[in-house]
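These are the structures in question, set out in turn.
Shared between the two complexes below is chain A, which pairs with chain B and chain C, respectively.
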Partner chain A sequence: MEKKKLILPHGIPGHNLGEIEREVPASEPPAWPVNDKLKEVGKSVKRYDALAKVTGQAKYTADIQLPGMLYAKFFRSDTPHANIRSIDISKAEDYPGVYGIHLMKTDDGNYPVVKYAGQPLGGVAASSLAIAEEAIKLIEVDYEYLDFVVDVEEAQHPEAPIVHKEKIASQTDGGDVGVTHDGTQANGNVVGPSTGSFFGGPRGDLEQGFKEADVIVEHVYRTQVHTHLPLETHGVVVDWKPGNMVVYASSQNTAAMRDELADYFDISKGEVRVISEYTGGGFGAKHSAGVYGPMAATLSKKTGRPVWLMLDRKEEHISMGNRPNSIQYLKIGAKKDGKLTAIQQRSHGTAGVGLGAGVGRIAQVLYECPNFATEQYDVYTHAGPGAAWRAPGNVQGAYGVEQAIDEIADKLGINPLAYRDVIDKSDIRKVERQRGAEKFGWSRRKAPGSDSGPVKKGMGMAQSTWPRFVTLDSTAEVRIMRGGAVEIRSSVQDIGTGTKTVLGQVVAEEFGIPTEDVSVLIGDTYFPTGPGSGGSVATGSITPPARNAAYKVKMELLEQIAAKWESDLSNLVMEEGKIVDKTDDSKSVSFKDALKGMRTSQIIATASRSDDYGGFQQPWGLAHGDLGSVQFAEVTVDTETGFVKVDKIVAAHSCGRPLNPAQVESQINGGVIQGLAYALYEYRVMDKQTGFMINANVDQYKLPYAMEIPEIESIIIEDYSGTSSTDAYGIGEPANIATAVAIANAVYNAIGVRIYEIPITPDKILKALNKI
Partner chain B sequence: MKTVKPLNTKFCKFLKAKNPFGTLEGGSNEFYTFDDANTIYWCVKSLGAGGPDNGPVEPGMCIPGRRCYKERD
Partner chain C sequence: MNRDNLKSKNESESSPEKTRKGISRRGFLKGAGMTTVGTVALQSGVLGNTLDEQSLDEKAIGPDAELIKLKVNGESHSLAVEPRMTLASALRDKLQLTGTKVVCDRGACSACTVWIDGKPVNSCLTLAVEVQEKEITTIEGIGTPEKLHPVQEAFIEHDATQCGFCTPGMIMTASHFLQNHPNPDLEEVKTALRGNLCRCGTHPNVFKATLSASKKM
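Right, the complex of A and B next:
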């Protein structure tokens, strides 16, 4: 591949901004300067869809109406563990208005074993949602009831009811995962431990590390199960036609949903079209077709009509994924000078009937420590499955680690902020600490529990890290047309983060035109494949291809104009809505007129995500370095009632080159509010006697009201790394990791007693103060 | 940091995973399982964390020899 050298901005403005030379593919566009020198990028351009959303014109999946459309509802188990002897649907089938019923079966034609209350067993399609719901009441199930367990600690007992007790046929080769199964059940419900990851495994000598320590902190930290509550619930509208299934979806990954549906029905990907024009939020559980996609498609195929299937809020709570809970034993040792000598972590958590309850990454990578080991166990319970949830495992892990680090600082007599300067090697977090502390007024912080009177103020801080991931299978198409249109196309979806707008800004910057002159057509698998919106990968993955495709189109247009003007191509520039020959003032044409004079009716180019500049890219798309974040919290604690009020959060973040500061700030606000809710309010309560979630609503499952949301101030730090043509990264995950533990540290500062379990409800405060 | 390679195991074509970092594994994508402690697995055929044979869905189980196993295309 032909290469060229680029000089790119590198570092943090106001701190260490400089330049770096990178060898890049010759087809890459020239380097952009820092944001200050750009016209569209780095500016808080208004969202394309702002007006449509606030006026209700935006059509979400639930709003889709198709001729002859049916409404479907899941038929779910009403017991947490059972074998099904029979299901009688005759009365439901005869109910007026019912068009189709589909029951789920196992591969041997039997009904699946029920493993949690609310498990989907089938679906009913009817002429209205009310009829579907009535028909479901007529379905009769003959259960053989079995013992169950929903508590993560009880499930670990050797005599506990087993969740996955089915024997797996003998396997002779576990391949490189190294696991084989001889057909017997082992270890009950406990799976693991997981002791390493891509980021490394155990290191050093733990015992020696603790011997060298002058200070040791050792505690058990507990976090709760946190369910998914996107404003728009999971769901689809499916219109099955032979050879062409159209799926309108609330989705974080249209391409993945298409692929799964094609696999499920054993048809080609080309026969499935997934469209997600608007998605009302997603925090990790909308990456697949789920069970609702194939169910709606099956009912559509069966009835010959389009089928609408949106979940209700209760269904979201019980079956559409959750952030697993954790019980984390954590022991950290440090020398008198603050240097960490050993970190030991052991965790147990439940993702219900699924896996994925680890918490290890933050302990593993946030601070340098020569001796480290983690053991992370999954515990199966008879509860709804876990799902990826905004920085999986990191939020839980940070809750333990960043409290323990605070406690070590206390024992060493060092201010916790200054202590991070001793043990944290990250340059970006150092700047975030400095700028954040100044804006927050950290110098106002008093000694723990030193406020007089029953109502006490406290301040805390915490920090986090998130890797700079990208998805290399990310493609964008840019086209310009004689009529003046400029379009971007990709299957990437906008889940409310503003992906449409940043794509428009990037292409507008390249063409030297206003962002509003660019049309962004995304969220449709008939367009080139884009990335999923998760892991904070979307912006870093799809904006470079969009810019690169625009650059290809631009160069083709300029070549045509250079030929017409008999100019040297290198003298032509495209800026401020014009194309000019910088050596001849008489040669100038507006962008729109230039398009009218194109040799063909349109110029189209596509580009896919390049490897990161500088050779840091890994096979699956890991860029160099991390996205740092530091958050500060100020709280008021009423020691007579136990209520905690968060007064203020200052959140200092980096996401490479911020493309649209207002949108970044909006994401930070969302991350902080979710972190606050996790710290103080939200938790799933399972009834051990019935196996049901007893607060599957938005009343007892408490979310913060407007009055409980604090003043949030964002500090967005430009952090140039010269890794792609836009040098931009995401902010979704980083915004959510540190908030809960920053609040916990502030609560400690207020009352002088640590709370090792979230949510920090009034009873926990009063218990910690020995008042109840 | 080390460079990871995709696993060579012949996983079932219906085993899918979402790793904690936003990318999907399985199906037409390679499997890395580079952070298995935080990776969510599901079966595209049974539509959940339990397989078509009611057994658990995870890389160690969804391999040749299992009743519901199906080789990738």
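Right, the complex of A and C next:
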């Protein structure tokens, strides 16, 4: 392959910005300078679909209505563990308005074993949702009831009812890009341990490490199960005509859904079209077609009509994903000078009937430590399956690790912020600590519990890391049309993160035109395959091919113009809405007029994600460097009521080259607020007596509303690494990792006692203060 | 609030004695829907003594669909609805006004907020049959892409949408609030929006947008 050399920006402006020379394929576009010198990229361009969203014109999957459409509803188990002897649907079938009923069967033709309360068993399609609901009440099931267990600790008991007698398949949810268990046979309900990640396995000698330690911190940290609760529930509208299945989906990954459905029904991928123009939130849980995709498709095929199948709020809570809980044992040793000597981690968590309840890689990679080992166990329970959620595992892991590090700092008599300078080798987090501390006013922090009076203020901070992942199978198409259109097309979707807008900006920058002149057509598998919106991979995966495709189109247009002008191609530039010959002022044409003079109706080019300039850390797309963050929290704790209020969060983040600072800030706000909800409010309550989730709604499932929202200030730090034609990465995961533990550290600073379990509800504060 | 509402509904349907004492199914339909004030309506209207006695003599409706008229965004529509159909469902499924979103379906999140006679209510707790004489305003009615409401403009300006599913409800609440509170401070804005759930965490920008719009109204 022909190569060329590029000089790219490298480092952090205001800290160590320099340049780096990279050898790259000759087809790559020239290097972009830092954001300051660009016109569209790096600017807070208005969100593409904001107009449609504020006027109610945006059509989400739930809003799709097709001629002849039926409404479908799942029929679900009302017991957590049972064998099904028989199901009688005769009365339901006869109910007026019912068009089709499908009961789920296993591969060997039996009814599935019920393993959690609310497990889908079948679906009913009817002329209205109300009729489908009425018909479901008429279905009679003869259950053989079995003992069940919903508690993560009780499930580990040797005598506990077994959830899966068989070995279950590995976790398939596309959202988790960490290491998960391979579905090895469980010992009782316990699977594992997982002891390594793509960063390696255990290292050094724990025993020796703890011997060398002057200070040791050893505790058990607990986090709860909480549910994603996207405002638009999971669901699809499927219109399956012979040879053509059209699926409108509330999805984070249109391409994965297409592949799953084609695979499930054993049809060609070309026969399945998944469209996701707007998705009302996902947060990790909407990567897969799950059961609802095949169910709606089956009912559509059975009835010959389009079928609408959106879950209701209760179904969403119970069955469509949650962040697994964790019971994390941590032992960390350090020398007097602060250097870490050993980290031992052991965790148990439950993703219900699913897998993926680990605590991530934070303990393994955040700080240098020669001796490290982790054992992460999954525990099956009779509860709905977990799903990836913003930085899966790592949020739970951070809740322990960053409290333990805080505690070591305390024992060593070092300010926790300064202590991170001792043990953290990351350049980006160093800058984030400096700039964050200044904005936050960290110097105001007092000794733990030193506020007089019953209402105490406290300050805390915490750090995080998230790898730079890239989905190499990411393709974008750019086309310009004679007479005026500029388009970018890809199956990548925008779930509210702003992907449409950044794609428009990148293409506009390349063509030297305003962003609003670019049409962004995405979220449709009839376009080239783009990445899923998860793991913070979308921006880093799809913006480089978008730019590269635009560059190819641009060069073809310039070649046509160079031929016409008899100019040297290398003298032509395209910027500020025109094309000029640098060496001849008389040769100039506006971009719009140039499009009018095109030889063919369109120029089209596609590009796929190139390998990182300089290569990957892992060939499948683990880039070098990380997405570091440092967050600061200020809280008020009322020691008489136990009530905690978060007053302020300062969140310092990096995401490579930030493409649209306003949108980055919006996602940081989102990560912080979800972190706050996790720290103080949210909690899936399972009734041990019945096996049901008790608070499967929006009023008893506690969430933050306007009054609970603190002041949030974000600091976005440009961090150039010269790894791709846009050098941009995502922010979804990093924004969510450090918040809960920063709040916990602030609560400690306020009251002088540590809370080892979230959510930090008033009873936990009062208990910690020995008041109840 | 909504639990009281549901409980009363069940009681009214299951207890004939109570029905005779004046809380008929029809009575429930008459009184229970104005949801932001739902409990008040139920307690003071249906269970109390302000229910118009004459209304009890009206023809009972349902369970089959009835032809009703709804005036939405200034336009009159005739449509057939079952008495149990909520206003949210009638707007979305019958009139294709899908800007109104249903999220919790029990009056806890305000995503389905519309105005009835100028006042914000949860359309998921309002029955379509009981708002026939009213002026209904939805997100589609307060501004159009060509002529945006100042609150809509400010939401675009301040990036106050992420996934956008809470946005219509937020705008319906915020724009009503600003009509009556021309110069609010941040705390007042938060208080006004305290019932609107957002999961993406867009609140800070929603506050900014609402404050900014207040200066343009």
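Here is the rule we go by: the second predicted complex is superposed on the first by the 749 of 772 C-alpha atoms of A that agree within 3 Å, B and C clash if a C-alpha of one lies under 4 Å from a C-alpha of the other, contacts with A are read in each partner's own complex, and residues count from 1 in each chain.
Keep this in mind: contacts are C-beta pairs under 8 Å (C-beta built on N, C-alpha and C of every residue); 3 or more make two chains touch, one makes a residue touch a chain.
Bear in mind that the values here come from a model prediction, so they are computed numbers and not experimental data.
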{"item": "First (chain B), second (chain C), both or neither touched by A:G670", "value": "second"}
{"item": "First (chain B), second (chain C), both or neither touched by A:G496", "value": "second"}
{"item": "Touched partner set for A:E232, first chain B, second chain C, both or neither", "value": "second"}
{"item": "Which superposed partner A:I709 touches (first chain B, second chain C, both, neither)", "value": "second"}
{"item": "Chain C versus chain B, contacts on chain A by residue", "value": "B"}
{"item": "First (chain B), second (chain C), both or neither touched by A:P112", "value": "first"}
{"item": "Chain A - residues contacting chain B, complex", "value": "104, 106-108, 112-113, 115, 119-120, 164, 166-181, 191-192, 194, 197-199, 253, 256, 259-260, 263-264, 284, 287-291, 294-295, 321, 351-361, 376, 378, 380, 385-388, 391-394, 467, 469, 471, 531-538, 618-622"}
{"item": "Chain A contact footprint on chain B (complex, rising order)", "value": "1-11, 13-14, 16, 18-24, 27-28, 30, 32-42, 44-50, 52-61, 63-68"}
{"item": "Chain A contact footprint on chain C (complex, rising order)", "value": "2-3, 82, 84, 92-93, 96-106, 108-109, 111, 138-140, 143-145, 148, 152, 155-157, 159, 161-168, 171, 189-191, 193-207"}
{"item": "Chain A residues touching chain C - in the complex, by the definition given at the top", "value": "44, 46-47, 49-60, 62-63, 65, 130, 229-232, 278-281, 283, 312-313, 495-498, 662-663, 665-667, 669-674, 697-699, 703, 705-707, 709, 712"}
